[in-house]
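The following pair of complexes shares a single chain, chain A, combined with chain B in the former and chain C in the latter.
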Partner chain A sequence: MQNNGLKPWLLQRLTALYLAVWALVILGKFLFAPPESFAAWQGWVGTPLCATGFLIAILALLGHAWIGLHEVFIDYLHDWRIRISALTLFGLLLLGSGLWLIRAVLSATLLG
Partner chain B sequence: MELRIYRYNPDTDQEPRMVSYQVEAERGMMLREALMAVQRQDESFTFRHSCGEGVCGSDGLNVNGRNMLACITPVEELKTPIEVRPLPGRPVIRDLVVDMSGFYAQYEKTDPWLKPRDPPPQREIRQTPEQRDALDGLYECIMCGCCSTACPSFWWNPDKFLGPQALLSAARFVADSRDQATAERLAFLDDRFRLFRCHGIMNCVEVCPKGLNPTKAIGYLKRRMLQESP
Partner chain C sequence: MNRPVAGLRPKPPVFLDLRRIRLPIGAILSILHRITGVAMILALVPLAWLFGRSLQGPQGYAAVAGLFDHWAMQGLLLVALWGLCHHLLAGIRHLLIDVDVGIEKPAARASAWGILFGGPVLALLLWGMLP
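For the complex of A and B:
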């Protein structure tokens, strides 16, 4: 991905598309069939189809954020040491939040 | 009419300064003529110009914060005092004259010439009217540099990002039916910097004195990349 420009650019757009669609699904759920309780919400998230949708959304979100940050850092951080440090820091941050989100979704599937 | 002009001689001046000049406005006067009038008052004042009719691309300047060609800009359309500065982001050689070699270097990287693979025909290489039309909006660039020096991405990475002018030129050769190096040209652009530093800010479109649209040309290159990629 380092020496390639089209792939990250394309991935950025595809992930954005998926996230937009998934956001609409969630919005639709809350508008037309709002969950009555947190347990009901967890149950809905835990259904296999929904959980898969969420897991893909999490991966898309992480990929989207990673590419976006990478772009901004390439623009503004010209010293490679600073850039690598910033990328590492934010990479770990993203990885941490990603794992936390995945755990939340998986625990919902176990409940359901 | 008052002009406030950027003056700087790196050999003798500590730092640049803005100097005011009074010039008699005449009917139909272009900014280039006003600058020539300033030069008659002060011979040490330096700026580039040549054709006087928007063809050579020598007198790209930053006027009231916007890049334009002095020779085709009527002074009556400008707010006074008219603030004239060199094109942004380029090293100043003297007053309004900047070093454009980095800008030309980016152009050169696009191999701005036709690369035929087949042996040349006895006579000219023929094009259909449609193939010729595909070059419209791409070939008219006069390389004034107004676009690239208005592009934030070019300010941040002027040696790695090709900038709108060079990308317009790249599109011009990708679009040319007589050129047979499309794959090579697109592969060259498929990199983190050369093309993909463009974030569609469209400053380039905003300032081009020839009314060209580098952002559209960049979009065209991306589309061709998508089509050609396996």
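For the complex of A and C:
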């Protein structure tokens, strides 16, 4: 990723497009058809189409966030030790949150 | 005097007096895009927890729904909505400028001002409409 600036640049824009669409889907859901109960909420998230959309969104979010962090940290954290530490810390936060989100979506699909 | 001399690199000028720096509107938008981006990454940890809890069972769902009834949570939600609206709108502007739409200086400045003020308005609107 470090050798060639074009790939992360393109990936950042493709994930941005997907995340923009998915943000509108979630906002639309809560604006126009908010879940009334646990069963309704689990049922909606667990629909194959919706669960797939969520899983792709989680992966897109992790990639988008990681590329953005990389760019921001390169600009402001000049000491490589601090930069590596910050990237590691944020990377673990992202990974942990991502796995937790994936687990939640899968549980809604498998149990719902 | 900035001409490079053999073996001597000219020092780049450093200008960091915060009271005298005047940022163009595009730069303010860009910094806010970065701040909202990093802030949303930090918010992802509690968000992932809330999402997981809401799907754990009827009790977890009720607990999360109850949390959102609290005024402090509603305040956080409003701030989060602003961050999302700003990042999303500024991101769309970024993508359009990438394909040469609105790249002229007056248009780019106008869209930047529009997002700076439109973001909070849109966030308030969504916040009011959400159940």
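Following the convention adopted for this analysis, the second predicted complex is superposed on the first by the 112 of 112 C-alpha atoms of A that agree within 3 Å, B and C clash if a C-alpha of one lies under 4 Å from a C-alpha of the other, contacts with A are read in each partner's own complex, and residues count from 1 in each chain.
FYI, a residue touches a chain if its C-beta (ideal position, glycine included) is under 8 Å from a C-beta of that chain, and two chains touch if they have at least 3 such contacts.
Please read these numbers as outputs of a predicted model, since none were measured by experiment.
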| item | value |
| --- | --- |
| If touched residues of chain A are counted for chain B and for chain C, the larger one | C |
| Which superposed partner A:74 touches (first chain B, second chain C, both, neither) | first |
| Which superposed partner A:42 touches (first chain B, second chain C, both, neither) | second |
| Which of chain B and chain C A:10 touches, first, second, both or neither | first |
| Chain B versus chain C as contact partner of A:90, first or second or both or neither | second |
| A:23 touches, of chain B and chain C: first, second, both or neither? | second |
| Chain B versus chain C as contact partner of A:100, first or second or both or neither | second |
| First (chain B), second (chain C), both or neither touched by A:65 | second |
| Chain C-contacting residues of chain A that also contact chain B | none |
| Chain B partner contacts - residues on chain A that touch it in the complex | 2-6, 8-10, 71, 74-76, 78 |
| Residues of chain B that touch chain A when the two form their complex | 153, 156-157, 189-197, 199, 222, 225-226, 229 |
| Chain A - residues contacting chain C, complex | 13, 16-17, 20, 23, 27, 30-31, 34, 37-39, 41-42, 45, 61, 65, 68-69, 72, 90, 93-94, 96-98, 100-101, 103-105, 107-108 |
| Touching residues (chain side chain C, partner chain A) in the complex | 34, 37-38, 40-42, 44-45, 47-49, 51-52, 54-58, 60-62, 84, 88, 91-92, 95, 98, 126, 129-131 |
